[in-house]
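Input: a single structure, listed below in structure tokens.
Read from first to last, the chains carry the letters A, B, C, D, E and F; within each, the first residue is number 1.
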Amino acid sequence: MSAEQVSRFPVVDLADMPEDLRQRVGAIAEKSGFVPNVFRALAHRPAELRAFLDYHDALMERSDGLSKAERELVVVASSGANHCTYCIVAHGAILRVRAKDPELADRVASNPWQARLDQRKRAIVDLALALTHDSAKFSDTDMAAARKAGLSDDEIWDVGNITAFFAMSNRIAHLTELRPNGEFYSMGR
Amino acid sequence: MSAEQVSRFPVVDLADMPEDLRQRVGAIAEKSGFVPNVFRALAHRPAELRAFLDYHDALMERSDGLSKAERELVVVASSGANHCTYCIVAHGAILRVRAKDPELADRVASNPWQARLDQRKRAIVDLALALTHDSAKFSDTDMAAARKAGLSDDEIWDVGNITAFFAMSNRIAHLTELRPNGEFYSMGR
Amino acid sequence: MSAEQVSRFPVVDLADMPEDLRQRVGAIAEKSGFVPNVFRALAHRPAELRAFLDYHDALMERSDGLSKAERELVVVASSGANHCTYCIVAHGAILRVRAKDPELADRVASNPWQARLDQRKRAIVDLALALTHDSAKFSDTDMAAARKAGLSDDEIWDVGNITAFFAMSNRIAHLTELRPNGEFYSMGR
Amino acid sequence: MSAEQVSRFPVVDLADMPEDLRQRVGAIAEKSGFVPNVFRALAHRPAELRAFLDYHDALMERSDGLSKAERELVVVASSGANHCTYCIVAHGAILRVRAKDPELADRVASNPWQARLDQRKRAIVDLALALTHDSAKFSDTDMAAARKAGLSDDEIWDVGNITAFFAMSNRIAHLTELRPNGEFYSMGR
Amino acid sequence: MSAEQVSRFPVVDLADMPEDLRQRVGAIAEKSGFVPNVFRALAHRPAELRAFLDYHDALMERSDGLSKAERELVVVASSGANHCTYCIVAHGAILRVRAKDPELADRVASNPWQARLDQRKRAIVDLALALTHDSAKFSDTDMAAARKAGLSDDEIWDVGNITAFFAMSNRIAHLTELRPNGEFYSMGR
Amino acid sequence: MSAEQVSRFPVVDLADMPEDLRQRVGAIAEKSGFVPNVFRALAHRPAELRAFLDYHDALMERSDGLSKAERELVVVASSGANHCTYCIVAHGAILRVRAKDPELADRVASNPWQARLDQRKRAIVDLALALTHDSAKFSDTDMAAARKAGLSDDEIWDVGNITAFFAMSNRIAHLTELRPNGEFYSMGR
């Protein structure tokens, strides 16, 4: 694989995607100004990409509970702990934009355990970290800590399931050696 | 949570699911003779359950490449390494049925690293394990070993993405402390 | 080693064991209906097998303190954490029989950290886990937690020494790649 | 500690440093346009800061062997593996400038194991990683791999000792919860 | 527990042991000049101490295969990796005496992975380490490496079972916080 | 490398060192009766050795705060956790001398987590261990525990920075496979 390749597996350009995916991914591309590589890498399996988009939207675009920035915070913290370059770079960019903070993403991605955060954000990140590694040890103590910090069970579900979804995404990115689009690196700085 | 509870979060009985999910989960229930608890636990978020089912089917019901039993082997190996009770018990049962082997699932779930397997199955399990923990270290060496054992890139994609999907499922099961249905324990023995 | 081999090292059939071991192992075989493979694998070193049986009985057949089922619970929890197929399968069977519970062994072996147990059983399992991995960090805090849950020092000794004995057994099983007898898989289900 | 604090311990402004340090740190500040926080945090122990600067310069400003960019690559790789926010952000900036590459630092810091690099850079990073964690296992095999990739023993010494020096720096940053200057985040992008 | 206590559990002096144990442990005490604390700590469970002594002697006093010094080398390497103070100090002393080498024990106990040893000793130590931690991953590759270095299967059994026995002993020492006799520290220096 | 070699890299005898280093290292040699190998191994890079000595003295010879024996305790505990033979053997010797205790060094080096210590020494060792491994998780909780045990912030700085300095030294010793002088093994026993 050359340094410029996007994935270890076949990549599909927007124009070559099935109609429904071309529209859906096209709408995202129009908004960002480019086609995020994750969609080009997943598109050679259209059924998987459709389910990925549906699941992503169900978790990340939900209007109740966590704010959009808080959802991205979960992604950046767990992807940082997983050392996933694509998700750190791409969702780090989105977090900078959503949180209107040029430092938060780098601070959380580089060290999600020690990053200084307010009590609610710290509880969100701690919950994400408890499920990122050694999730078999997740316990009532983790639940109690999250509730004590004011998270509702509905919000705990969100944090836990976003963490789980990105445990999947991070592994897809590691398998494919997915390359972040160059645009993400400087977005929102 | 009492020992009999199915999940830490609200559970929806089949009769109370939205029409499309009632039909879809109902068809599975008819086939197995009971409603697997994972669907009851995810159903309080219908959009997430729909995407979960679509993604699951795209990966597990695909006709090309890996056999059905091999797909379950990936699930049992990675869930064993993750210590996920629900997936070990439920997919262990399915693996016993699909592989027509009463011992394979317990051998692989208890020790996926050392279980004596033929060369193809060993390569499949090794690939799954390389992405279960420390996936950030996944490398060309892992790809080469899988290819050398005769796996096509299409099959490698399947193993990797099934592993990734169950990295998600395992974490949902850990978060919810999902209880396997009693029926799974003895199925296929 | 073929999939059917019992051990990486020489195996001795009951009929070929020295008289005292033939009687002793024969009595066990009569009770279970078959000769557990661990005895056939250890018998090529009769002095070691004698000491193994004596030590095992001193810890597992002791009448004071822990119940028989509780002793097996320690074995299954620590063997689960150690990923020892032989001990999980064989002692899982014994635990099902002794606890008259068809699910407990699989729940504890697959995830000893999260398995929902009553307070006494949880304290027993926590103590076993504290000595299974990273035993160098065993501390007064572990002792205090066990005592607080109502375990006497005599019971703590039992849990700790059974855990230690199976730290040995698990490693013998891993060295020999010890194969569980087929009968164990379905016993007590 | 508020989100804005620079260190858990007393911080000394440039104007309040002893004359020799004021000159030395002042020269750096003039070049970068600001006083890097690490010097303000170490300055309340002038003897330690003097030795830190001497050691840093002996390793990082040496003219033989590794290029300046390669020295920064070692710092970013090992600091990424150590999750050290200050060193990732500050030396990531310097690496962007020295390597004239806006992506390299983020790729290496987020996942030093998988980052796609040419053979020489990969050997440098592998050597750094071998000494960052589990350095007690450093072996002739690590030496041989580095030599095979063309590194001289003099260069191996440099990589190893820079890694060692930043094993120290990372821990000082973790102890003090050292905050990177805001300027570093966008430098060289 | 005071710094001077021998064990967290009841300790039995030689004079108070059952006749057979008093003779057996007495013989050891006569040879060393003192009663090693491990026997005083185990003696409150005479059946366990008898089995411990039998097992120990079957493995450590066997005349075939490994030399006495090599058997102690296994103990010191695995106890070093397990951070077991009692076994490092007591068996370090025995190793110094048996190997007639005042440095070997400290070198192996402090860093069993990197200690410079001849090929046979290195193979013995590598085998012991493969079974000390993560023994579930013990594989044909470990067997092949040991055989390639010239170890017979009989010797491999010895190394493996001594390692397993001290996996037990180390945990008993950690549970009891067993204190080494002062005499061991300077013996054989 | 033969068993007798001092380092994997060039070694400089006292007589061949630059004048200032010959005087400085000579003074140490006069006091101990031999030239500690670490200085001979670092001397082929005089600028690095000068900075090493300055940094070492700034941290280890400081008159305020921790006692000399306490400073050595930090070194032995963190070097034990890092499995660094040179630092365990050399600083173990110095600790025996400074603490006038023939057992403390071996107890702490072999198991820094469980060694029975008074409250102040235990807090010092816990702090050192928190920064030796996984220092990215160092938190306000670690700071609070140290303060609660009576350590001033000035003393916490000392413990943390000595730990950091020996995180560096340990890695230099692992890279060079630095051999302790024979004299250290028996000193102070």
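Throughout what follows, a residue touches a chain if its C-beta (ideal position, glycine included) is under 8 Å from a C-beta of that chain, and two chains touch if they have at least 3 such contacts.
From a predicted model like this one, the values you see are computed outputs, not experimental measurements.
S.K.: For chain A and chain F, which third chains touch each of them?
M.R.: Touching chain A and chain F alike, sorted by label: C, D.
S.K.: Farthest from chain C by Cα centre, which chain is it? Let me know.
M.R.: Centroid comparison gives D as the farthest chain from chain C.
S.K.: Shared numbers divided by all numbers used: is that above or below half for chain C and chain E, i.e. same or different?
M.R.: On the two sides of the chain E and chain C interface, the residue numbers are mostly the same, over half being shared.
S.K.: Measuring centre to centre, with centres taken as mean CA positions, what chain is farthest from chain A?
M.R.: E
S.K.: Centre to centre, by mean C-alpha position, how many angstrom separate chain A and chain E?
M.R.: It comes to 50 Å between the two C-alpha centres.
S.K.: At what distance in angstrom does the C-alpha mean of chain E lie from that of chain D?
M.R.: 43
S.K.: Need the CA-centroid distance for the pair chain A / chain D, whole Å please.
M.R.: 28
S.K.: Would you pick out the residues of chain F that each touch at least 2 other chains?
M.R.: 1, 83-84, 111, 113-114, 136, 138, 174, 177
S.K.: Mind listing each pair of touching chains for me?
M.R.: The list of touching pairs comes to A-B, A-C, A-D, A-F, B-C, B-D, B-E, C-E, C-F, D-E, D-F, E-F.
S.K.: If you look only at chain C, which of its residues touch chain E in the complex?
M.R.: For this pair, the touching residues of chain C are 1, 8-9, 45, 47-48, 50-52, 54-55, 57-59, 82-84, 131, 135-136, 138, 140, 143, 153, 156-157, 160-161, 163-165, 167-172, 174-175, 177.
S.K.: Help me check something: in the complex, which residues belonging to chain E touch chain D?
M.R.: Going by the criterion above, the answer is residues 111, 113-114.
S.K.: Which part of chain E faces chain F closely enough to touch in the complex?
M.R.: For chain E paired with chain F, touching residues are 1, 3, 80, 83-85, 88-89, 102-103, 106-107, 109-111, 113-116, 174, 177, 180, 182, 185-186, 189.
S.K.: Which bits of chain D are touching chain E when the two form their complex?
M.R.: Listed in rising order, the residues of chain D that touch chain E are 136-139.
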